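Below are structures written as structure tokens.
Two complexes are shown next, each including chain A; its partner changes from chain B in the first to chain C in the second.
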Partner chain A sequence: MMAKQKLLPIDEQPERYQTLALVLTVSAAYLPLASHLNWRVSAFVALVLILRFAAVRWPAAAPGRWLLLALTLVGVANCLLANHTLVGKLGGTSLLVTMLALKLLELRARRDHRISAIALCFVVVVQFLFDQGIGLTLYFGGIAFMIVALLVDLNGGIGSPPIRRAMPVVLRICLQALPLTIVLFALFPRLTSPLWSLGFDQDRATMGMSESMEPGSISELVINGDLAFRARFDQRPPRPDQLYWRGLVLWEVDNRKWSPGRVNQYQPADSELTRAAERIDYEIVLEPSRQRWMFSLDLPIEHPPNTVLSRDFQLLSDRPITTARRYRLSSALDFRTAVPADAERRYALRLPDNTSERMIALVKQWQLETDSDWALVQKGLDFFNREEFHYTLLPPKLGANPWDEFLFLTRSGFCEHYAGSFAVLMRIAGLPSRVVLGYLGGELNRIGGYHLIWQSDAHAWVEVMIAGRGWVRVDPTSAVAPSRVDNRGASRLLGTYAPARFHIDSTGVLANTIRHLRLLADSIDAAWQRSVLDYSAAEQTRLLDRLGLADYGEFALAGIMVAAVTVVMGLILFGLVHQPVAIDPATRCFALLCRRLAAVGLVRHAHEGPLDFAARVAVARPDFALRVNAIVALYIRGRYMPNPTVADVQRLSQLVKAFVPRKPRRSFSNAKCRKYFA
Partner chain B sequence: MPQSTPHPQVKLIETLLATAGRIILGKEHEIRLAVTCLLARGHLLIEDLPGVGKTTLAHLLARLLGLQYSRIQFTSDLLPADVVGVSVFERGTESFRFHPGPVFAQLVLADEINRATPKAQSALLEAMEERQVTVDGETRPLPAPFFVIATQNPSYQVGTFPLPESQLDRFLMRIRLGYPATAQEKELLAGEDRRAMVLQQSAVLSATEIAALQTAVGQVHAAAPLIDYCHGILAFTRRCERFAHGLSPRAGVGLLRAAKAWALLDGRHFLIPEDIQAVLPACAIHRLIGNDGTGRLDHDEVSTAILTAVAVP
Partner chain C sequence: MTFGRRLHRFRLTRGTAGKHPGARLRGASLRSAVKRIFNGLLRRAPMDKDGVARIAARQIYILPTSIGMLYATTVFVMLLGSLNYQNNIGLLFAFFMASVGLVAMHHCWYNLLGLAISVRSGPAVFDGAAALFEVTLSNERSHARYDLRLKGGLDASTPVALDAHDQRGIAFAQPTSRRGLLWLTDLEVETRHPMHLFRAWCYARGQASVLVYPRPAVAAPSPVQSSGDTHRPAARTGEGADDYIGSREYRSGDSTRHLDWKAFARERGLVVKQFGGDDGLEVWIDWRALSTPDPEERIRLLTRQVLDAGAANLRFGMRLPGTEIGLASGADQMQHCLRELALFDDGQTKAPSH
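Moving on, here comes the complex of A and B:
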């Protein structure tokens, strides 16, 4: 096998450390991808990489041509088996990493290393299809730096300086790329929808709020530690207990669950809000949910473009939210809605089939004891407060009639138990009611100045139609006596992701530190989201607007981009051609001395040697002579002597920094003389 | 640190310069240049009117340096054999015997070199370049150190054969002595006879010490910016339209070596720009020809022009 191989020219023979560095870089680049790709692909790549590492140590372990061919076939088959396709985000990426790993098995010449390093660049790009967070961006920035360093090293030829010495070159290449990157980032025409949302990767739905509510559905969500959205208020944020983030409105109840129902909810709201006191403006960045509903502070009065505000004040997007979405809107905390139409009213009174006698009897009892609708609502809340109701994240399983069982048997549950059963009770009493799903509260990130609303903040409350007041928000969960809130189960389940109301030892130093670090990380992430990931066609249009070129659209953008790239490249080229001669520290110090002396009128001529200059200075300003002579002597040692000592140069730097010449004081002038003797 | 301590023989040179300064008054710079030229293994051309002390200087240097000295008076009927020597048939041995000419000395004073014919001039100049003489097919080395001080009258005087440029290039330096300043001239008039004073001097240095100093010159460090500076000067003379042609690479090598010798005399083991500037007029101007038809250049003006035109890096 070895005999058949052609002998490589000496400058094409790779060093062992180059091979090792390349394989390590590929492994490092693959690591974050492993969580996104099928385990089969990961296993195959890991196997090949292990084989490769073994081949670095024992070259005999490198597979021959036939084994390599077989491995390639197995790899492709493995990709097919894992993804059922070789195209698309997952299929293509799997094939790319498999092939790159296999390429590593035939690293012979430096040329193979170069090809692999360049192919690795594609892996870096592809990974951004999966994750665009700032952490990974920095990580892959590091990988890209490694690739450049490797390429510089591989092109260095034989006997080139070690990579440590080549680092300035690598840094310079990366810095030269930076302005180009910025220009392309700002000006490369954006597609309004990302290329890769072509519809073949829908299987990875994000966990979030579901469309209906049944006992247990929200407590499942609360365990989820994901972010739901971020909100930033223009003015002072409202109190935490006012932060009811409205999402879906559920009208229909059956034996087990609440669902949106058949109300024509996509009909736009017809200014039902009759009183909107203080207006609150804010901005929300919603994480992708693959659903259409969006969240707003209860109640929204204005809605962003490409959305609909339905009659029951649901904010709905015109298409599923697949990427993070930023929108601005306004809400009013104090409001009064119009009285609903009769059809709507009737719909909001429908009862589930399994309404039990006990429930009807309970409500009848309340009706006897009260005289107004609002008093009845209060009676219901009192019931939750006085009776042995427990608030827990680990409620017991409910049987066929969950609402009845919760109210009279188990009496411990989460917000969906309270909201769902309370709404049923109100409907029995003849008060139209509906359930609202959304989030309550949120965590204020003081570093970033915005609120974080986690999935664990999910909440459900009730809206009851009160004559003369319209739909009124009633939160039965808050009626539970605080002493009966069971924290233990929650914190055990949720850990650090538990909503603030479940934190027991948030006063601990460690817990506090962790919390602060988490908030800091999130504010960095939010800034990244705002300034980089959200930079879209809209921002580009705004940029064109500002330049007065909006009419030309993407042509103008492309034109500016080409022009800017040309300018940047031109500047870099100019810099390359007119590369300043490396300036040694002694020269820099001397230049500073010359500048300072020039400021007091002692300009060094270009042709003047340092000693001559010092002599001239000494004649012109004898008060400088000592210091200037000392500086010049050190400069001469530092610049012209072979192997100048560091100490000399440091001393020179100190002396020059300390030497600040001043213009001579004006001598006793004749005018002054005259004044004295007048 | 070896770089900061001057060469041991430099002290002796200082004594030499001081002594010479007492005899040839007010010409310290020229004497220093002459010694620099010797240490740089170059040859010296002194161009000036008769009677300003050219011969005295040469004689004095020979005495102080402890060199074997000979003098050739160049005249229009001088033959090459008068310079290098001649083979004479000797009856007793029935063979030719070489009688070495005056060039076989460590310090040769070629007086009024431009009075001789080009043929006689070139005999000396070839010896200067090769440091050996070939007579009758036999090559004979000249003694070491070999140092020629040639004097020349300004070429506008009658009966002169001006040295061609190619020959001038063989001289590392050309200096002028000029009239002494008033005070020095009065001192000269009042003082002892200079010739007698020269004869009273004894050698300060030996030939081996001179050889050691010449070796030390080669070890003087020239930092990269100074190489740049040197090259800048060469490039400028080639670019400047006032000159028919610029300085040759040999001139550049000579300039740098002379500057190194100057630095060594100054007690340094590394060059600074002032060294180059100090030796440039002596090293460069005689190799340049003006572009104005006459070929003449004003020595001082041209050196100032070159020195101000090239920036010190």
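Moving on, here comes the complex of A and C:
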């Protein structure tokens, strides 16, 4: 191995600082990825990197070929052990990072350094599959700069000191590449659907709301501090208590949980709304959930492309949402749905097997006391308000019959307890009802002018079929008396942001400042999301529309891209090649003298030096001789002598400016003239 | 001289003078013909009247290196992956790297654009030694140039960086394999600046030659003594013991025994006392006196005789078919003879020798 190193030509031998810089850059690029990988992989890579750093300091520590081969086998086995696969997002990334770290152990020639630096690009791109935040992007912008700098420095031939001389070159390249990058990013045609799938999506569990609701499922979600989506209203946003964000509709109830059921709900809505007023237009940027459902303000009347609006007004995407998705839609706050078909009605009346005597008795009691369906609903809400019901994030555990136990024993729970049991009660009373999962409210970001809807805003409510009014929203949770809301438990669990319904007032200056900073950071994040992350074929189509080229589709886009890249590259090249020609001031003066003499008929020939020309002028016009000789003498001193003085050049300039030759006077006879000019 | 213009190592053509008959090709192979035609198609920066070649835009060739291909493949894969997974940041990064590559390509090209190249001849050398040329690279613009390398030199040239309005002379060594004039008419300058992704190169015309003396034979028979006067053997050791004939300045290689120490003590510098000069030590180095059939071998023997005679400080002359150099002594005479031997045309050797 040592012999091999000696055989390297001199300009292929890397400097130690280059090796160190490469290893540091790889480590820095790997660092954010470490948290996403299995600990086994992280540990192995960390170990290899430590070995590498040691080898920079003590070259003898570098492993030999056989040890390296063994390490490679161990690394692959380790990846297999950790992920059970070498493909897919996690498996592939683990293998890539392991291999790159191992490659660092055999850095001999500069060529190895270059290959490693280029392979590092893969790590950067793979990293963006895990996280695309603005901070991280800036961080990796720095890594990209380092990759360019490493390649420039490895090429060498830059003079010394190499690092300081390489920096302007690297900066120039990066700055010139930026406008090109932006042009390419904006105009490069995008795919509307993936060409292939490596099963990246199956790697992680779904996020956000789950498909069914059982007691405790939403409170788990509420503790999660993640963002669900952002919403931006075109006009004035509705009141917070009107912000019911509709998600899933649950029809079927069994002994423990509510689930979507067998209703053919993915069919498009055929029942028109019989009434829709207070139309609201807005835009939502949904965080990836790996689920198909999307959220809309109760009740959507128009739905975006590539989505389905089902009969029960669920908005469903045609494929799971794996990246942030932006969509526009319209809703009506005041609405009346059509009366459902009988089959649907019957389905909305099915009861669980475990309805208890107490529940039936309670409903019977209400039915006796009321004369209309709506009055019965009010009676139910009164029940939650009047009795000792508590609203808490930390409800006691429920046994085999959760609906009964909640209503008569524990009487403290979260929205899923209220909605679930209320809907069961309504079904006992013969009122078709269903549970809707979604979010309530949201935090207004005044800086960005949009609402943030967090997972902690998750909510469940009930829709009851009332004769003549269609499905009517009833929120039993809101019936709980405010005094019985347990906001201590909530504030402990929710941290800085608590949903409005917990009535937590954080009036402290520090808390407010933190809140504002958080909102500011989120505004930047939202802008990033909107302008960069969500930039897609749709935006490009809109751009083409504006240019009136929509008919040509991707061809127009590609054409514009090529033209724009050419223009930008041309500008860069012009900046490179164009050199302001700094004409020597003495030369400029002499040129002026020649022009003035040419105006009176004394043209300097191309082969004539200044002295010859001056001699000829002196013969032709003895009256100019003195001045022209003085000027030419100064010119020669200023132009050809080493270190001309500024005073000389100034004097030259003065003389030339003052020298304005006139045509020969009439007293010159023609013959004389001819003789002089011969 | 059909093959007089045959290219030697692509860029180096030999003068028409010293052509080794054995080295002649029986017929131009197809390969060398193709090479020659291709070589004729290459664009070269012409010399201006000052002997400087300036590289114009269309005289620069550029191709990606293997690292550049790897880089392009990487960027392409990144682009494809990011497009497929609609990962905009990945795309942004891929586009940035692609743009960097594109910009680097133009920087590579620009690094050679307008470079002024001129070549100067070095001193004469004996066949087998390296011939040295001095190549001057000058940067006439206000942007620096980096990583300029001369291609085809004997030893790997270190890259040269030129600041604005800077110039640098580079020793450019060429191997010699035959006597005659070694012409350097074509120079190749290359650069891989800035990221080793592309290699740009250009050919510049030059006009410089180094005289290559024949390789002296290891030993040679004593040359013919001057006619008539045969009473003294051509003893090389006998130089100098006789009459003092004058002084001259010290030249390196002179025996210290002949130094005029008294003159040195009088601060007149190093002076050598010259002895001898007797007309008995006149030799003729004669082509016909040798019987070796191979003319090149004969020239090598003659070279050895010239060197020996010069070292012995004899008065000597040289007769070659068609030329005769009169009797003289000293370094000038030696150089004159070596030059004749170097440029002696074998075309003329055939007729008189056999």
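As a convention for this text, the second predicted complex is superposed on the first by the 504 of 678 C-alpha atoms of A that agree within 3 Å, B and C clash if a C-alpha of one lies under 4 Å from a C-alpha of the other, contacts with A are read in each partner's own complex, and residues count from 1 in each chain.
Criterion: a contact is a pair of C-beta atoms (placed from the backbone, for glycine too) under 8 Å apart; a residue touches a chain by one contact, two chains touch by 3 or more.
Everything quoted here is computed from the prediction, not taken from an experiment.
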Query raised in the report: With both structures placed on chain A, which of the two partners, chain B or chain C, ends up touching more residues of chain A?
Result: C
Report task. Return first, second, both or neither, reflecting whether A:Leu520 touches chain B, chain C, both chains, or no partner chain. Result -> neither
Query raised in the report: So, A:Leu47: does it touch chain B (first), chain C (second), both, or neither?
Result: neither
Query raised in the report: Once the shared chain is lined up, is A:Ala558 touching chain B (first), chain C (second), both, or neither of them?
Result: neither
Requested in this report: Tell me which partner A:Met99 touches in the superposition: chain B (first), chain C (second), both or neither.
Outcome: neither
Query raised in the report: Between chain B (first) and chain C (second), which, if any, makes contact with A:Ala630: first, second, both or neither?
Result: neither
Query raised in the report: Between chain B (first) and chain C (second), which, if any, makes contact with A:Ala606: first, second, both or neither?
Result: first
**Report entry** First (chain B), second (chain C), both or neither touched by A:Leu533
**Finding:** second
Query - Interface residues of chain A shared between complexes with chain B and chain C - result: none
Query raised in the report: Can you list the residues on chain C that touch chain A in the complex?
Result: 67, 70-71, 74-75, 77-78, 80-100, 102-104, 106-107, 110, 113, 141-144, 146-149, 156, 158-161, 163, 191-197
Query raised in the report: Which residues of chain B touch chain A in the complex?
Result: 3, 221, 223, 225-226, 269-274, 277, 307-312
Query raised in the report: Okay, in this complex, where on chain A does chain B touch?
Result: 605-612, 636, 639-642
Query raised in the report: Across the complex, what residues on chain A touch chain C?
Result: 9-11, 111, 114-115, 118-119, 121-122, 124-125, 128-129, 132, 137, 140, 144, 147-148, 151-152, 154-159, 165, 169-170, 172-174, 176-178, 180-181, 184-185, 188, 190-191, 194-196, 200, 323, 532-536, 569, 572-573, 576-577, 579, 582
